[in-house]
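Below, chain A partners chain B and then partners chain C, in two separate complexes.
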Partner chain A sequence: MPTDVENWKSEVYGNEIRDHLFEFAEQGFDSIPDDERDAWFERFKWWGLYHQRNGQEGYFMMRIGTPNGVLEPGQLRVVGEIADEYARGPGTNPIFGDAYADFTTRQSIQLHWIELSDVPAIFEKLEENGLSTQQACGDSWRNIVGNPVAGKDAQEVIDAWPVIRELNETFKGNDDHANLPRKWKVSVTGSADGSGQGDINDLAFEPAYKEIDGEDVVGFNVRVGGGLSRNEPRLAREIDVWVAPDQVSDVAGGLSALFRDNGDREDRYNARIKFLVDEWGPERVRETLQDEYVDFELETVGRDVREEYTYNTGAGERNDLVGVHDQTDGTNFVGLNVLVGRMGAADVLDLADLAAEYGSGEVRLSQRQNVIVTDVPDAALDDFLDEPLLDHYSPDPSPFMRGSVACTGTEFCSLSIVETKNRQVRFARWLKANVDLPVGVDEFHIHLSGCTASCAQPQIADVSLRGMKTRKDGDPVEALDVGLGGGLGDEPQFARWVTQRVPVDEVPGAIANLIESFAAERDEGESFRAFVARHDDDELDAFVDPEETDYEDPMMHNTKRTWYPYAENDAMEDAPSPPADD
Partner chain B sequence: MWGVTTRLRVLDDGAWISVNDARKVRVSELWRLDAPDLCECALTDLVVENFQSVGVDGPTVEARVYGQCIACGATGITGWIPVGRVSGGEFAQIDRSAVRRVRRER
Partner chain C sequence: MSDRLIRVNAYTTLDLVDGRARGHEFEADAPGVVNVTAPREDPERVTLEVELDNTAIDALTAHADEVALSPAQARTLAEALESTADRVEAAQRDEDDTA
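And then the complex of A and B:
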C-alpha cells in the first residue's frame, strides 16, 4: 500500500505546488484546512519550506539551494538582507541572537522563523538575484554538491562546475524527475582532494581518466547508493561506469529515472537508492541503466585518483578548505571557519562587503559548514586577513573550532533527540580552553548530530556524537553516543560506536580523557584515525571515560518538551500563537 | 463501532504520531516497557527513536517503535505498544511513567 506521503504526492507535487503555496500565503496560514496541513507541509518541502517543530506553529525553515555552494557576486548580500528582514521569530538564541543564516553540510543555506505570508516576497527577491529554494527539500534532486572551489582550485583534475550547472539546469523543475521515491543527493567532484564527499551521496561522479581511442581522457567514475541515515550507513558503490563530461547529464538522468521507477514507494525507510543497490547489487544497476535508461554504450570504469584524497581523511594535507589556498589564476581563496555553520545576519552582510572589497564578491560554501572567499589577489591578502570580522570567522582557528560540525537539533527540528548547535559551540569553547592536542596533530573533527538522520555527517568524523537519552541520578537527561575513527579518503571508514549514552555534561570530559590517552599511547606521527583503527572497541570505550568537569550544560533537560529550548518560559503551553498575517 | 473515525498517521519521517491531524506523541521520550522480546531486562527502559507504524485496537492507539534500551543497549523494533486512548473523539496520551505492555497478537 502506498504511504500517506506517496498519496499526497500523487495528488499535487512538483512545480504546481508553488501556485497553491502563494495562494495560502495570500490568504493566510489559517486558510490551510486543518485536515490538509500535513499534506501541504509535506508538499511545501519541494519548494524548500519545512514547517518547524511543535510549539513553533506557523513558522518555517527555508532552505536555499546553492549548487556546489557557489554564491555569485552579490548573492550573499541578498541572503543576509533576507535573513535580517524575515528570519526573525519569537525566540532569541542566546549565542546567535535574532536573525542568522545556517550554512549546511550540503552547501545550502537555511533560514528560520519564516512566515508563510512573507514567502512570495522572499521568492521574488531570491529569484531576481538568481537564487532559488526549488527542490531544496522533498523527494527529488536536491542541491548538487562538490568541491566548492571547482574551476578555481589549483589541485583540480577537471573543472566540475560546468557539469554541475548543467545538471542543475536540467533537473531542477524537470517534471520527469520531480517526484522520486525519496530524496536524491548528487555529488560531482573534479578535484583530486575528495572534497565533494561523493561516497556519502546517492549518486557520485568522481574524477577519473579513461583511455579512449588511444588517448587519456578526463571524466568521471560513477558510484551509486551512499548515505548515512537511519543507522544504515552505506558507501556509494562502484558500478563500473566511466562517463565523459558531456554525457554526465544522460547517465545522471538515467539513474534518477531508474530510481524513480524502481525505488520502494511503499516504505519510506526502505526508499533510498542505497537499499535498491543492496538488493540488486551494482552489476544489475549497471545492466538496467545500460538496457533501459541510456541509448549509448557505457564505458567501463576509469582510473581514479582516490589515492590522492585528503579531505576529511584525518591525515595528510587539506582535510578541509579553511585557510589561504592558491587558485589557478594566481589569486587566492580564503576558507573561513564558521562554527557550527551559523552566522548572524549582520555578519553575513559584513562578509558580503568584504568579499566585494577584497575579492570578486563571490563566496562559496563548503560541506564542513564553512565559507570561502574567492579571488583575493596576493596584494589584498594581508589587509583582508587583518579585518576584525576574521577574528571570529578565522582562517586559522583552533582545531576544536575548525573541526566542529552540528545539525539543527531540537531548536527547530522534529526528528532530533537533543539540542545541538549551541551545545557544540559550548563544547568547542571548553575544549579550546582546556585541552591540547598532541604536537603535530592540528585537525580534530567532532560532528554532533541530533539523531540517526545524520545531517551533521557524524559517521565520518574523528569523534562522532549522536543524540540519545539516558538517566542520570534516575532522571532522564540528554545524552550522546560516542563513535570514533570515521573519515573519508581512498579507504573510507564509518565511525565505530564504542561508548553509548554519555550524559551531555560528561561529554567534554570524555573527549579530554580520550585525547589524553591518545597523546600518551599513540605511535610517533600516528593520526587519530590510525590510532582508533588499531584498538578494539573495549579499549576505545575505556579511553573515552566520561567525567564531569567544570563544563556546565544548561540544556540537560528534555529540550523536546519546550516550545523553544532557550526561552525563559520554555514550556509547551507558553508557545506563541501562529504569526498574525500582515 | 466507535462512531467517529480516528485519523492516525506517522509524520515527519517517524518523529511524530498524529491523531486527527494533530501531532500528539513524539519520539525521544523514555518509556518503560514489559517487552521480553526486545531485551532481557526486567523492564526495558526504551528511548523512542522512531515510529514505524500506528494502529488502533478498539479505543487504544498503538504504535510499533524503533528504539534502544538504555539499561542494556539492545536495539530493535517493538511489537504493538499502547500510546494512548481515544474517547469521545479526544486523544489522551498514556502517562509517561506508566509501564507499557507489548500486545502479543494482532
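And then the complex of A and C:
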C-alpha cells in the first residue's frame, strides 16, 4: 500500500504542478483548501518551494538549483535582486538583517520569506536569466553537484562540466524520471581532489582511467547508495562499473530508472537507494543495470585517483577551495569564505559587481557553503584581494570561520530542534578570538545540524554537532551531541558520537578543551582525524569536557516553540498572519 | 558510543526525559528520548520507543526499546498516563496549598 505522499504524487506531480502553483498564486494562499495543504506543500517541493515552519504560515523557502554551483555571468546579480526584493518577511535576523541568500551544502541557493503571490514573477525573472527552481526539492533528480571549478581547475583529470550540463538538461523536467520513490542526489567529479563528495550521494561518478583498445581513457567509476540522513549514514558503494563520458547519461538514466522501478514506495524511511543497495548488494545492482537498463556492455571498474583526494579529509592541501588557486587558462579562481553560507542581499549584489569587474562575472558555489570568483587574471588579483568586501568574505579566514558549516535550523525549518546558523557564527567568532590550533594544523571543520536529517553533513567533520535538549539549572535548554573524527578522502570515515547533550553555552568551552588536549597529546604532525582514530570513545568523551566560558548564548530557550527565534515577542501566539495577497 | 537509534527532530514526542536503567547488578540515571509513532499507511500497531543516552549507562550497549501496542492498548496506556498525571498534579496542588 503506497504512502500518502505516493498517492498525492500519483494524482499530480512533476511539471504539471506548476500550473496549479500559479493558479494558487493568482487566487491567494488562502485558496489552498485546508485539507489539501499537506498534499500541495509536498508537491510544491518539486518546484523548489518548501512551506516554512509552524508560526510562519504562508511563507516559503525557495531553492534555486544551480548545477555544479555554476552561476554564469550576471546570474548572481539576479539572485541578489530577487533576495532584496522578495526574501523579506516579518522577522529580522539580528546578524544577517532583513534579506539574504543562503548557499547550501549542495551548491544551491535558498531564499526565505517568499510569498506565494510573488512566485510567478520570481520564476519569470529566474527563467529569463537561465536559472530555475525545478526539481530543487522533491522526489526526483536534485541539483547535481561536483567540483565547482570543473573545466577551470588546474588539478583536473577530466572536465566534468559538459557531463553535468548534459545530465541536467536530460533529467530536469524529464517525465520518465520526474517521480522517483525519494530524492535522487547525483555527484559528478572530474578533479583529483574529491571535492564532488561523491561518497555521500545516491549516485557518484568519480574520475578514473580505463584501458580501452590498448589506450588509457579517462572516464568515471560509478558508486551508488551513499547518504547521511536518518541516523543511517552510508558511503556510496562501488558497483564495478567504469563509464566513458559520452555514456554517463545512459548509465545515470539506467540507475535512476532502476531506482524508480525498484525503490520502496511503501515506506519513505526505507526509500532511498542506499537501502536498496543494502538489500541487493552492489553485484545485483550491476546485474540489473546491465540486464534491464542499458543496451551496451558495461565496462568493469577503472583505476581511480582516490589516493589523491584531499577535500574534507582533515589533512594535506585543499581541504576546501577557499583561497587563490590556479586555473588551466592561466587566470585564477578565488574561493571566499561565507560563514555558514549566508550572505546579505546587498553583499550578494556587491560581490556580483566585483566578479564582473575583476573576473568574467561568473561565480561558483562549493559544497562547503562558500563562493568562488573565477577567471581573475594575475594582473587584477591584488586589487581584487584589497576590496573591502573581502575583509568579511575572506580568501584567508581563520580556520574556525572557514571550517564552519550550518544548516537552516529553527529559524525556518520544521524539523530542527535548535537554532543553528547564528549560533555557529557566534561559536566561530568566539573560537577565533580564544583558541589557537596546534602549529601546522590549518583546517578544522565544525558542522552544526539542527536534527538527525544531517543537512549540514555533520558526520563528515572534525567536530560534528547535532541538535538535542538538556536540562541546566533545572530548565530545559538547547544542547548538542558531539561527534568527532569524520571526513572524506580515500578512506572516508563517519564521525563517532562521543558526548551527548552538551548545553549550547558550554560547547565553545568543550571545543577549546578538546583542542587543548589534542595539542598536548598529539603525535608530531598528527592530524586531528588521526588523533581521534587512535583514542577510544571514553577517552574522547573526556577530552570534550564541556565548560562555561565568557561565551554567551542568547538562544538557550526552546526556539522551536517560538514563531521566530529572534522576534522580540517570539511566542507562537504572537505569530504574524499569513501575508496579505498583493 | 554508537549513534542514536531514534531519529530526533521537531516531530519527536519528547526529546528530553529523565530516565533510569535498572538491572540486578546496576542502576544508572540517564536522560532519554521517548517517541510515539506508527506507519503512515496501513498501520496496525502504535509503536512506543524509548532510548536512554548511551553515554550515561556503562552497563548496556547503545540500544532503543520498542513496544508495539494495539490501538486498545495504546488507549489504555494513554488513560493511565492521563489519570496518573491528574493525580500527580492534584498532589502538587495540595502541596502548594499547604506550603
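In the analysis below, the second predicted complex is superposed on the first by the 582 of 582 C-alpha atoms of A that agree within 3 Å, B and C clash if a C-alpha of one lies under 4 Å from a C-alpha of the other, contacts with A are read in each partner's own complex, and residues count from 1 in each chain.
We take it that a residue touches a chain if its C-beta (ideal position, glycine included) is under 8 Å from a C-beta of that chain, and two chains touch if they have at least 3 such contacts.
Source: prediction; values computed, not measured.
Chemist: Please tell me, clash or fit, for chain B and chain C sharing chain A in the overlay.
Modeler: Clash - chain B and chain C, as placed by superposing on chain A, overlap.
Chemist: Thinking of the overlay built on chain A, is A:T452 touched by chain B (first), by chain C (second), by both, or by neither?
Modeler: After superposing on A, A:T452 lies in contact with both chain B and chain C.
Chemist: Kindly classify A:G97 by the partners it touches after superposition: chain B alone (first), chain C alone (second), both, or neither?
Modeler: In the superposition, A:G97 contacts neither chain B nor chain C.
Chemist: By the touch definition at the top of the document, which applies to A:D35: first (chain B), second (chain C), both, or neither?
Modeler: A:D35 sits against chain B, while chain C stays out of touch.
Chemist: If we overlay the two complexes on their shared chain A, which of chain B and chain C does A:K469 touch? Say first, second, both or neither.
Modeler: both
Chemist: Regarding the shared-chain residue A:G440, is it in contact with chain B (first), chain C (second), both, or neither?
Modeler: neither
Chemist: Is A:Q500 touching the first partner chain B, the second partner chain C, both, or neither of them?
Modeler: Both chain B and chain C are touched by A:Q500.
Chemist: Between chain B and chain C, whom does A:I417 touch in the aligned arrangement: first, second, both, or neither?
Modeler: A:I417 contacts both chain B and chain C.
Chemist: Once the two structures are fitted together, what part of chain A is touched by chain B and by chain C alike?
Modeler: In chain A, positions 4, 230-231, 268, 414-417, 451-453, 467-471, 476, 500-501, 560 sit in both the chain B and chain C interfaces.
Chemist: Quick one: which bits of chain A touch chain B in the complex? Just the residue numbers, please.
Modeler: Going by the criterion above, the answer is residues 4, 34-35, 37-38, 54, 230-231, 268-269, 414-418, 451-453, 467-471, 476, 479, 500-501, 558, 560.
Chemist: Hey, which residues of chain C end up touching chain A in the complex?
Modeler: Its residues touching chain A are 1-12, 15-16, 31, 39-42, 53-56.
Chemist: What does chain B use to touch chain A in their complex?
Modeler: 7, 9, 11-16, 18, 21, 23, 26-30, 45, 47, 49-50, 52, 68, 70, 73, 75
Chemist: Per the contact definition, I'd like the list of chain A residues that touch chain C in the complex.
Modeler: Touching chain C from chain A are residues 1-5, 53, 230-231, 266-268, 410, 414-417, 451-453, 467-471, 476, 481, 483, 496-501, 537, 541, 560.
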